[in-house]
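Just passing along the structure, written as structure tokens.
Chain IDs A, B, C and D follow the sequence of writing; residue 1 opens each chain.
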Amino acid sequence: MSQPSTATSATAHSVWPDWNTAAQAVIETGRQAAQRGWVPATAGNFSVRAADGLVAITRSGVDKGAMVLTDILRQPAGQALLPGSSAEAELHLRLYADHPTLGAVFHTHNLAASVLGRLHVAHGRIVLEGWELQKALQGIRTHETRVHLPVFANTQDIAALANEVSAHFALAPADTVLAPGYVIAGHGLYAWGSDARQAWRHLEALDVLLAQVLALRA
Amino acid sequence: MSQPSTATSATAHSVWPDWNTAAQAVIETGRQAAQRGWVPATAGNFSVRAADGLVAITRSGVDKGAMVLTDILRQPAGQALLPGSSAEAELHLRLYADHPTLGAVFHTHNLAASVLGRLHVAHGRIVLEGWELQKALQGIRTHETRVHLPVFANTQDIAALANEVSAHFALAPADTVLAPGYVIAGHGLYAWGSDARQAWRHLEALDVLLAQVLALRA
Amino acid sequence: MSQPSTATSATAHSVWPDWNTAAQAVIETGRQAAQRGWVPATAGNFSVRAADGLVAITRSGVDKGAMVLTDILRQPAGQALLPGSSAEAELHLRLYADHPTLGAVFHTHNLAASVLGRLHVAHGRIVLEGWELQKALQGIRTHETRVHLPVFANTQDIAALANEVSAHFALAPADTVLAPGYVIAGHGLYAWGSDARQAWRHLEALDVLLAQVLALRA
Amino acid sequence: MSQPSTATSATAHSVWPDWNTAAQAVIETGRQAAQRGWVPATAGNFSVRAADGLVAITRSGVDKGAMVLTDILRQPAGQALLPGSSAEAELHLRLYADHPTLGAVFHTHNLAASVLGRLHVAHGRIVLEGWELQKALQGIRTHETRVHLPVFANTQDIAALANEVSAHFALAPADTVLAPGYVIAGHGLYAWGSDARQAWRHLEALDVLLAQVLALRA
């Protein structure tokens, strides 16, 4: 398959930020996601990979728009989830394990992602094509590229979903261009990048792309 | 019937906040509801149960986004409405009487609730199913649960509506899972919780759930 | 016809505010209208009736979200428009002349009003019925009241439009309940009240009512 | 063809602002565009013509909502693009070359423009007719004027697109009234004016006009 587009800028972050810097990026990302209405009712989770094999990741059940440092867990990558973790933290850790160049993973409850996910789940993907904003996804050079944004059925079996995501990205055909993210039907959007800034750019771009697809369909 | 989901966390608030703390929570809730456009033209009302058998509840006719302490009434639970009360205050007091663990009741004029209410009033409910955000409702563990959000016809006979709501929650079949709230057609949304924080989480979750249902339908 | 609903609270403002107070209300109204996206591209105009036969009214062509005192004209009621006036100022002055109890007239470019106006212009009105928020219109006691919001075709002949509006409100059948405002198709919304506070409440209510009607129709 | 409407107020800016003033206008425009959600994921570009044959124009790849002076390039008009330029800077420079009275060019990714562009690209234009807000476009005196907003297919060949735009505005029939801007399908909106203030007014007006057209169609 084609590598997730973030792979190409890997060398920029062979040195990860220290944990406190990573945690501050998580706090700021949550604040901005809340302003956009993406994390209602304590929804959403955010992580940034830090130095020393650590990940700064949001604690479960807190308002993501008003976090402080104690709301961020100091999770060792590749180890069991800490007490207070969201069940979905496993999806973050699996992405970091599968993709060594990933520096940040953001998950939000965008309305268009949730609704379009239900409309496309039988098809397994939303194809983004003909939108200029596709070029905001790392490695995409033209709106003519057919970008596949995978859609997975929602489940409470997070281990199974982590396996499904992992297999999907590993086994996609060589000529498929995959977005740096995926949709869970009736649930929301995951997006990632080589660092927090790129992951946020991908999140913003996918949010608008999905809103455009939904409006075009209506 | 299944208990309203808030019943399960009752013990957390066997001690209610003092009236001033409750009133401050009402003021802050109104401010945030106004920012979201949920209380146009002095619409909406908000209450928090306080110690000593009191309820802190909004006065009628004030801008809910800019309230001060004198806009909050010191209403004794289970007694006649004070001068300056909204007629709908009766709906709040009935909920507190029926459900001893309820700590806060919030009512807003969300567009999706008002519109979907008219579309579903003949059916008597909106069924929420397959949305991850259902898990933000206390006691719901999976998106697969069919959650019933009751829809009542609008009326100016508030005593009759209070009776109808009371009977509906008391008499629902045992296998029905009820949301911690209800919709009045062409009017808006009621949501409650064991305290102001939980009631707000329920209000945010139901607002997004209804917006998703409306978008999926379009 | 039934009196415009604002007539009932006339006595409250037999004494009008001084011109500076009225002008400050106009400035603040413009600021809040801009925050809601109702006055794009210098659109909209706002007036408040003041003491001594004066009206504080917005100058043409200024950004209504960032006005200062020199953007407000000191227009004598019932006299020729001052230099710098918007052509539509004539609509304001006619309303003040026709309805002695009117204290404020606000005009905005709400999207739902503009679009629904085009859909309803052949019919001449939008009927509001079954919406609780109708009760935010002065004198309306129940959502069951059928409230007529007149819709006029757009025109650049403001004198003719002023006559048409004036005749419509004077000649409406006795059993017709008229909203305190009207829509111009493809243009926007006029709303008024006995003072700036009531006119703003009517503007907010009509904006949400029209958005609900548009959403229900879609 | 009819001149682009901005031509009529040319004399107002025979003296262009100095580069620093122009750059500050670009920074402020980007900040306001970001508040409206028009420049997601570093999208959009903005320029203001300055004295001494210079253009103040946004650098590629920066967040347009939080720019500082070093994010603005000091581009000589009519010369090769500076390092760090967006490819689309060529579209700006061609507009300044073709229309000597143009003082500012703004490009944003408005949802309605992007979506309507795809729906209208085969037709080559969106006709704006019957909307009062058309009068916010310089030179338009009535909502009855049929204003043509050209729609071009998206392409990564910016030189070809610049030629296509240039020819379209030069060769339009004499009785065609052209908007001061154009749409690129699946991409976004360009708008211009004799100075930054007028270009912003045109951008706001076209954004709302397109949202109205989209809502009327739905």
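What to note about this one:
Operating definition for what follows: a contact is a pair of C-beta atoms (placed from the backbone, for glycine too) under 8 Å apart; a residue touches a chain by one contact, two chains touch by 3 or more.
Chain labels with UniProt names: A, B, C, D = Methylthioribulose-1-phosphate dehydratase.
Please read these numbers as outputs of a predicted model, since none were measured by experiment.
Under the contact definition stated at the top, no chain borders both subunit A and subunit D. Copies subunit C and subunit D of the same chain sequence form an interface built mainly from non-equivalent positions, shared numbers / all numbers used being under half. Subunit A and subunit C have CA centres that are 47 Å apart. Per-chain CA centroids place subunit A at a distance of 33 Å from subunit B.
Counting partner chains per residue, subunit C has residues 218 touching two or more of them.
Counting only pairs that meet the touch rule, the chains in contact are A-B, A-D, B-C, C-D. Note for the complex: subunit D touches subunit A at residues 37, 40-43, 109, 111-112, 114-115, 118-119, 154, 156, 184-188, 214, 218. If you check the complex, the residues on subunit A that touch subunit D are 130-133, 136, 141-144, 201-202, 204-205, 207-208, 211-212, 215-216, 218.
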